[in-house]
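What follows is a group of structures, each given as structure tokens.
What follows is a pair of complexes built around subunit A, which joins subunit B in one and subunit C in the other.
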Partner chain A sequence: MGPEIIHHPLVRADGSATYSSSLFSVTAAVNGPIEVQRRDELPEEAAIEVNIRPSSGVGGPRERWLESVVSGVLRSVLLVHMNPRTLIQITLQVTKEPSLKLRRSVKDIAALPSLLHASFLAVADGGLPLATTMSASLVAVAETGETVLEPSEKELAKSRSAHAFSFNTHGDLLLDESAGEFDSQMWESVCQLAAKACADTVQRGEDEAMGNGAAEKLPWLRLELEDRAREGSAWRETT
Partner chain B sequence: MSNGVLTAPGLAFPRETFAKLTPGPFLHTHLKQTKPLRPNGRTPEEFRQPIVNTGSLSHSNGSTVVRVGDTAVVCGVRAEVLLASDIPNPPRDGMQDEELIEELGLLVPNLELSTGCSPANLPGNPPGTVAQSLSYRLLTLLHDSHIINPADLRIQYTEPPTEDDETGYAPRIVTKAYWTLYLDILCIAHDGNLFDAAWAAVMAALRNTVLPKAWWDPDREMIICSPLVSEATTLQLHSLPIASTFACFSTSSHLKQRKEAESWILADPDSFEEEICNDALTIVLARHQNAQTRILRLSKTDGSQVNAEAVQGCVALAEQKRAVWESILTGG
Partner chain C sequence: MPREADPSTNEQAFLLSALRENIRLDGRALDAYRPISLSFGEDYGTADVRIGKTRVRATISADVVTPFVDRKFDGVFTISTELSPMASPAFEVGRQDQTEILLSRILEKTVRRSGALDTESLCIVAGQKCFHIRADIHVMDHDGNLVDASCLALIAALLHFRRPDVEIKGEEVTVFSVREREPVKLAMQHQPFCVTTSCYEEGTILLHDATLLEEQCREGDVLISMNKFGEICQIAKYGGAPMDGLSILTCTNTVLERVKIFDQLVKDRIAEDEKRRDVGGLIAELSAENDR
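What follows is the complex of A and B.
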């Protein structure tokens, strides 16, 4: 079972998506390429502006930091040189957060995969030129040293370290935010687990015939994007 | 000219002009030599050595000036008393000690960039995205590293037994107030890799922090601090985490084949390199006494050129740097 995705929930934005995982719900809106303010203008590429709104209150230093992380990933996903001297504006509204009290850094890291997926789906929905697709995953390491992929709230609250990874289609590491206490072997194994999980969401398995037990391994992101592409080109068949 | 001898006009740019006009190719030509050497004269794996000066501000509880190359940072620690009666939602009794600092916000770092430390940071401007996210990264790292024993920040009072109590009743210890440490970090010169310098300044300033002896006076119902230096205590840190930042310079572009790209990892980038490089990798290592070095924080952002193997190499380099910086910060 993949996460819940709603395509194009907002009518007036160029692209939008709502992404809900078991931990977070995020609505993303993308406008672009649009006119850029003089001071933000880049001569050779499009500027990327990310605004994150928390589920309650106004954004503070935490949101500024998350914004800079998200825009760094999107910059390597989007073909920014195609629209120089323009702005791509992404607004992310968090609508659901874990209700359990989590450590600050763990909560931030847990939010990153949802923020990235929401903004990526919105960017794809908005038809912006992409260099590659990306996917992200969250891994927690329990006190016992056991690695948990896509942990639940309880597992996060008890974790020794939390890791958010993002990979593109080529398997390049786009993002890693890890906090807690771990050693480099542990990081290595977490990284491999996350790389595998990210690849599974975008790659179709070798054998198409999957048993019922393997339903969890469905490349949900790929299926979503294929569906969107089919819908988008449906007019060709009717005319 | 008339005799046919042409003197070629000077076509060679001086070094500085070349660096200004085409920073990317300038760095690339330096790195693609057989022995790569960066424009600043360092090898790719070489860190700058810090100069640490502690206790330079006389009116703060602890202070340091850390200078790493041309990056200079001042950090001052100011301790204030937070009365337990002033806390709107007092901490639950069952709460673990480790959560206390984060829950009550007893450590408050704030990084000030608008000091005219670089042409991009003019004095008087409100804190921008960079300053805010750096402050936030310092805050989460302070919470994650658990370097301060929360018990050191409590001001406790033993209630005398009242008449109602039975004899042999154990005296009740109540926390009447907490010390809140405000960490103000001022960047006075910015030449790249601000996070490492700011974090080192925070560590050195906290090690240098002296808290006066404070107690609850039941008659006046207030906290009294002793003016005597001899009674004051120095804050003890559990470990001394050190941050190491790396940048990655790469020739890759969306207009080229993927396999044509070359990349170099540069340790401790200066601001010239930070501007051209994409990837940023920060590793924070800590070592408890007689224990293995642990990674507290690993963050790789912006760009796609650093793979897991390169990260492992950087962890090894960061460990070397940690040992060097630890001896400088503890010896200074």
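What follows is the complex of A and C.
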């Protein structure tokens, strides 16, 4: 079971996507490449501007931090040198948040995968040049030392540490943010788990053909993108 | 992008010549609205309004704060309207433009200053604790008529919202979470709605629910807010072509008809949503609210 995705929910934005996981629901809108303000202009690549808007209240320092993290990851996913001296503007509107009271640091970490997936899907929808496909995952470590992939609200609230990871198709690490107490050994195992999970969402498993598909998680991100590509080129087959 | 691209001269002339023959580009009657859809979120207090391609989302939240010193018996109610590039690339982050100022001012006048929300009911302990009700208007898509859509979303969200229940024992105040006790509806005194009338050809052609293109070509507009009893909360006319008193009167009459439709729409949707949530008819028993 993958998260819920709506492609192109908005009309005015160049690209948009709504991504809802069990914790967060985010609508992303991408405009770009558009005219850039003189002070943000980069001579050899496109500037990336990310705006995160919480569901209630105005954004503060935490949102600014999340913005910088998201734009850092997107910079390594987008082919920014294709559109120099332009702006790629991404607006992320959070529409659902966990109702349980979580520690702010844990909540921020938990939001990152949803924010990244929403913005990536919107960028793909907007037809911006991409270097690679990326995927993110959230791992929580329970008090017992047990690692939980894609934890629920309750599991997060009781967790000792939370980790957000992002990998591209080649398995390169794009993002590593953690909150809470953990040691390097724990991080190692969490990282491996996350790498496997990320690879599963973008690649078809090698043993899928062998028919043990029930245990195998579906590569939902890949399937979504393939569906979109097929829809997009449908006109070619009809003419 | 600092501002919205202006329509070309041809586009403008075409639209205006069509209007002179009482035809709108999308085939609507002059006083007709685009299809309106109103839906509520999973949580209490989120309303999503779509008028044609325009889409506005209103979110209400509540927390406990100290009341203002000069208003000891009143709760706090704020409306925040921040436009983002999501609605249109012409909106910049962190810079208020004309549309945003106008939107927030009209909402303030229509909903807050008309006393739609009874702020006295938000007081918990006089001078010490009260509820702060915060309304956030998120414009997701901008295709004209932002003010009407935002006002509709705001009123619907306020009616849909439930604040946490409180219990006062002497000096001690307990605020119950949604899981502990069934939350309470806000005390609304009336439901005002705003309707924008755009005018063309020096006020001889009047139309409702202008699209973005029609807004860009119009000569002036009148914003009228009233409730279903025909009580006018505000009339705003910021510049544009002059209008005589008689056309303002005809305006208010057509606005009243429209407001009645809005009121019914919101009432129907709220009833539908309550029915959906009321599984097994238990909500009435759960409520700890006293009859007034």
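Basically, the second predicted complex is superposed on the first by the 230 of 239 C-alpha atoms of A that agree within 3 Å, B and C clash if a C-alpha of one lies under 4 Å from a C-alpha of the other, contacts with A are read in each partner's own complex, and residues count from 1 in each chain.
Simple rule for what comes next: a contact is a pair of C-beta atoms (placed from the backbone, for glycine too) under 8 Å apart; a residue touches a chain by one contact, two chains touch by 3 or more.
Note that the coordinates shown come from a computational prediction; the quantities given were computed from them, not determined experimentally.
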Overlay on subunit A: subunit C relative to subunit B, clash or fit: fit
A:R12 touches, of subunit B and subunit C: first, second, both or neither? second
When both partners are placed on the shared chain, which of subunit B and subunit C touches more of subunit A: B
Touched partner set for A:S114, first subunit B, second subunit C, both or neither: neither
Touched partner set for A:S76, first subunit B, second subunit C, both or neither: first
Subunit B versus subunit C as contact partner of A:G180, first or second or both or neither: first
Subunit B versus subunit C as contact partner of A:R103, first or second or both or neither: first
First (subunit B), second (subunit C), both or neither touched by A:S159: neither
Partner chain(s) touched by A:N51 [first = subunit B, second = subunit C, both, neither]: second
Superposition-derived minimum Cα distance between subunit C and subunit B (Å): 5
Set intersection of subunit A contacts, subunit C complex versus subunit B complex: none
Residues of subunit A touching subunit B in the complex: 60-62, 64-65, 67-69, 72-73, 75-76, 79, 81, 103-105, 108, 131, 168, 170, 172-184, 187-188, 191-192, 195
Residues of subunit A touching subunit C in the complex: 9-13, 16, 27, 29, 31, 34-35, 49, 51, 53, 55-58, 89, 91, 93, 95-96, 99
Footprint of subunit A on subunit C - complex, ascending: 1, 41-43, 46, 53, 55, 57, 59-61, 80, 82, 84-89, 93, 134, 136, 138, 140-143, 178
Complex contacts: residues of subunit B adjacent to subunit A: 99, 102, 129-130, 132-133, 135-137, 139-140, 143-144, 253-255, 258, 278, 292-308, 311-312, 315
